[in-house]
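Dumping the structure here so I can ask a few things about it.
Chain lettering (A, B, C and D) follows the sequence in which the chains are written, and residue indices restart at 1 in each chain.
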């Protein structure tokens, strides 16, 4: 069977944070996405990696959100779907920006992230990446976040900081 | 937001095998499904556990397949979807049986399993369970297998023994 | 066979740091030592937990070092040995303080710690705790650090910051 | 500091068993010892690997025990110590054979094994290998088993099958 070609745009965020034992902090330095991908069995997709930036999303500028949105829109025109790995704090801004700039993309665009870095035993990174890579294959064209066993469609999605996940504005 | 009520029917298979250190073998004795569920963040579903049997699917009888199919059909009528955890060797038989007995169930019925038990470091069990619990929320009514980053719709699905996964007959 | 009674004095440090997903930092808040102990098979020792403090050792005062040293000296008089879990940055100060205050304790006193918290997949915490709990049973009375497959005797031990481990002053 | 040169003789056993997903069984086929060694920080020893055999110890012949004993005796004469990875069912036979053939070897010879293969999440393999690689550095010349936080000296050690560990005959 033919695998779907999926663009995987990485932008940083908690999901990609790694531990530096000299300073004792978790930071966005090298991408662990390839390690995560290698630990999954991917029979449905052929992943095309687009390493756009590696930032804590709290440090993203308006230009960053626009760059990610434009890249997602372009890639949705030439692939079978787009997954975006993103910091959760500003993930919703990027989701809304894609809708504002692109409207309905030609294929599904699915954002995801994590509350606990991959390097932690109790990470949610693998669950969320798994969900995004599955959802992108079965969802209709549109912009979504897939995370914590939930798919929500933009516009109208916000981070629920108290519960550490996403919800609908009209929740 | 309201969570979807999902029936999780467990029947055994590699995904649930545990290690007995006295005999040194992996067998279906106690279910580790609850441990797996506890390790995931489930914001989209409310799981209702239905522990139907705990068998290596190679030992399933025709009656077993029918019992699973009937249970899945019934639960699809009273919940928002059904996930079935199943041994991979006979998973396709059960999928076809559901289609034969139920036709198109009222909600999505998603089968899944694993090639390597949850107790192994390199298990595919969490990936597959994650995919099934996500897919059941977004798929149209029908019978599917979700596993290894792939969703396939019955009828017409078979195990590809050489590659250790599922494929379409007309693949 | 009779198990040795070992006092396990916890003082904090990287080995006990846990991740707070709201702030996104690793800090000394709750002790994960009991989780670590539960994951080991301890047939040789009966552990008596002494939770003295839970600090990054960079924040330890002179009084803290003295308190730990006095407690270690006292416990060595009433048990079969003492293990101290400690931040690595100031572990050597505490080791030297014990020697200065107690000289040769009545039983072995073994300090240990970690460069990468237990909560990380790639932690060295379990290795080091395992080594300390084994070493305390077989070493002669004295003060030691056991970590990274190495046992070093105080006085004369320093942290080798570049290599992220301990070494002898006389190298 | 100079690292001790340690011969690591591997003979198989549960500790080295790996999972074959086609047959669904755990067997001694490839050695995972190198993966285990790479996951530890070994600052005290320089390991010299001696891959002697890879057998379930229930299948060892009298010649096998003798071969292991003679190899251990020889290696103890030219290194700073010997660690032997062994199936637990016949580990005690090999320990007694070394004492019978070699008496007190020139350096410590430490046997170890595991009740649950390394490939399982809940393995005791890393704990036991860690203990053996630490114990071999600090023990006086003699033949020992180090496992489950316990060091026992041959002769006079037997497997306690009910408790899944080792004990002294005069226990």
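As a convention for this text, contacts are C-beta pairs under 8 Å (C-beta built on N, C-alpha and C of every residue); 3 or more make two chains touch, one makes a residue touch a chain.
This structure is a prediction, so every number in the text was calculated from the model and none was measured.
Distance from subunit D peaks, on a Cα-centroid basis, for A.
To fit its Cα atoms onto subunit B, subunit A must turn through 180 degrees, a value rounded to the nearest 5. Mostly identical positions are employed by subunit C and subunit D in their mutual contact, as over half of the interface residue numbers are shared between these two copies.
Rounded to whole angstrom units, the spacing between the C-alpha centres of subunit C and subunit D is 27. Subunit B and subunit C have CA centres that are 46 Å apart.
Shown for subunit D are the residues that touch two or more other chains, of which there are none.
Interchain contacts close the chains into one ring where each touches exactly two others, per the touch definition above. By the document's touch criterion, interfaces exist between A-B, A-C, B-D, C-D. Remark: subunit D residues 14, 17, 19, 21-22, 24-26, 115-117, 119-122, 161, 164 touch subunit B in the complex. For subunit B in complex with subunit A, the touching residues are 1, 40-45, 124, 126-127, 130-131, 133-135, 137-139, 146, 148-151, 165, 167-168, 171.
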